[in-house]
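The block underneath contains the structure these notes are about, expressed in structure tokens.
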Amino acid sequence: MYAVEVREAIMIAHSLPDPFFGPAQNKHGATFVVDVAFISEELSAQNVVVDIGRAGDALKAVLKPLAYQDLDDKEEFAGTLTTTEFLCRHIFDRLKEAVARGDLGPGAERLTRLRVTLGETHLARAWYEGSIRD
Amino acid sequence: MYAVEVREAIMIAHSLPDPFFGPAQNKHGATFVVDVAFISEELSAQNVVVDIGRAGDALKAVLKPLAYQDLDDKEEFAGTLTTTEFLCRHIFDRLKEAVARGDLGPGAERLTRLRVTLGETHLARAWYEGSIRD
Amino acid sequence: MYAVEVREAIMIAHSLPDPFFGPAQNKHGATFVVDVAFISEELSAQNVVVDIGRAGDALKAVLKPLAYQDLDDKEEFAGTLTTTEFLCRHIFDRLKEAVARGDLGPGAERLTRLRVTLGETHLARAWYEGSIRD
Amino acid sequence: MYAVEVREAIMIAHSLPDPFFGPAQNKHGATFVVDVAFISEELSAQNVVVDIGRAGDALKAVLKPLAYQDLDDKEEFAGTLTTTEFLCRHIFDRLKEAVARGDLGPGAERLTRLRVTLGETHLARAWYEGSIRD
Amino acid sequence: MYAVEVREAIMIAHSLPDPFFGPAQNKHGATFVVDVAFISEELSAQNVVVDIGRAGDALKAVLKPLAYQDLDDKEEFAGTLTTTEFLCRHIFDRLKEAVARGDLGPGAERLTRLRVTLGETHLARAWYEGSIRD
Amino acid sequence: MYAVEVREAIMIAHSLPDPFFGPAQNKHGATFVVDVAFISEELSAQNVVVDIGRAGDALKAVLKPLAYQDLDDKEEFAGTLTTTEFLCRHIFDRLKEAVARGDLGPGAERLTRLRVTLGETHLARAWYEGSIRD
């Protein structure tokens, strides 16, 4: 199993309006350091998992609607608790669509899985990993 | 597969009294930076893997009897080589018990696996990962 | 010159309402990983720069009014651009007051300087360093 | 599942002579920070995954022919695009041979898998993980 | 004293043709993770040390002629041992010129010092710090 | 001002037998990640601050009597609280002697200062910096 992982970051505001979250019910924010691992069983003719330039562009395109935003104001997240875990899955789903659309170029059909990790402090991070073939 | 990982650290003394370990047969010590990943297939109603506050408390409770101790003096480790690998498993087993006891709160029955990683220097680390459902 | 540095983190929301800041004019947020270095020329009778427990408590007390807050709603910051640089200085000033009040315990009068570093992403950080004796 | 991971680094020159790689077609270079995880289901009588001294020596022996080299001049890589992914697999294959030869000492027959990770910048890394029992 | 530090990276090939350098006399290469700290005594009207966007652009412009290059082929470095220390100073000198030219925008005349740090492995780094006002 | 910094680590046991230290009065231990910065105003004819090989050897020689030891058993530390700050200074003093003895080779007379940093957890570190010319 081969993997290539690239890193970006976003800075967002949000609140987690459920008593479960204690002080994080307040409007606050986070820097999420985002690592995405692209996973395949075989390499391309160029000995790569994926065109890392296109992979980075696809990740930037997925993150752009989130960067410097208050997630509480985004219609698509209305009524949703935008936890770190949820955002890992959200980014995973958008990247899965990007792969399906062919945004990652010829050869990306070899990709089998993605793992999206969001680091929120020096003490805590979350990730979602799943198949993009089911 | 979702995961949330939290970080703590402990500082302990011990010796590894077997010729296999060379100079580490001497009484020496270590800072172990402890990362525990809580793993599940589904999120809770609050979009989390686990109540991260309770998870942190459970980890602190497991580490407390080890912190600032000489492991050579602990009865439970008599005759045991307290290697980094062993301690990963020890912490895993105690956390598995904590989950089974319900210490991590309602919803923790969704947890399927744990991974316990101990970093001992900038050059070496060990981990144990296993199911908590078997 | 001796120094001891300790780490905490806060997660805040804010906006930077000046065209200079481009997209950061929007309400967004940040995780700030906060490192504070306590600096002195001499050690105490216990061979320390400062009581690290009290130093950590003083830092936690300074950060508490900021943690999980929207800085745009705080009266003390009305009309202020709460940049990373500004927040470094704000935390420095509050810690300087804590030292002057004696919150860091006997011996803290040896402290000569503080450096407050805020890491905002994996790519950027800011710091303020100054004397606490002038 | 237990794992022990150790770290080394190499500094190499190479070029990636295929239009796919854009500016990396030029002769350039890289520091690769190399992490190798040795994986087994059971611990030895000494409570370890592997003799970490022998594991480190085996890794150093595998890296030595690469360190401070221009990979474009190495006969074994003639006509090969020496991408980060390829080098992960190359190091994996050499270490698999080392285990099979017995270089990691008695007990290394417990090892089931290896994972070789190469970090190339603060933003990108690749890895290859596979069984050494097939 | 305020500082803002930003991070970039370059990957280069070179050789260090002096017996002093042992195996590094060979053509090899490096990833240099480049941190540049911009330092001033006062903040601007926008509470910043420098326009971080322009600072990043200036750094990218300085690094561009080095990225993906074999430094042995660059005329400006003919007869020069392109050590990590030398490259720190080279980047410092080019950024000092950029500040003098006004590339960092209005207010950059407040900058007093720069520090350029190059990380070459997980074990070694070098830096050059100096005034840009002399 | 130029600097080159190199990294090593040691694992030691000790106790801090003064009520000031709370639970650290117990026999416990630490991994200290040791960074030493060698500082000079000018570079050598080879464009380096110091022969990094000799610098590393000098650091290893200074650390060797501490590695895998119980500092409570070392005669030279009898009656001394071996805090992180104290150990920074201890290593500084031994390296200053090594420079004075000529262990770092011709050209090391250019060195003006050293900074010794000991990281003890992911949350705390200490350093001592001073002139080696006074």
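Each chain carries a letter (A, B, C, D, E and F) given by its place in the written order, and its residues are counted from 1.
The definition used in the following text is that a residue touches a chain if its C-beta (ideal position, glycine included) is under 8 Å from a C-beta of that chain, and two chains touch if they have at least 3 such contacts.
Keep in mind the model is a prediction, meaning the values are calculated, not measured.
Note on connectivity: the fewest steps through touching chains from subunit C to subunit F is 1. Looking across A-C, D-E or C-F, the pair that copies the A-B interface, with over half of its contact pairs the same by residue number, is C-F. Ranked by how far their CA centres sit from the centre of subunit D, the chains are topped by C. To fit its Cα atoms onto subunit E, subunit B must turn through 180 degrees, a value rounded to the nearest 5. If you average the CA atoms of subunit E and of subunit F, the two centres end up 28 Å from each other. If you average the Cα atoms of subunit D and of subunit F, the two centres end up 32 Å apart. Within subunit B, residues 7, 122-123 each touch two or more of the remaining chains. Across the interface of their complex, subunit B is touched by residues 1-7, 43, 46-49, 51-53 of subunit D.
Put simply, subunit E touches subunit F in their complex at residues 18, 20-22, 80-86, 88-89, 122-130. Per the touch definition, subunit A reaches subunit C in the complex via residues 7, 9, 11-14, 23-24, 26-31, 33, 67-70, 73, 120-123.
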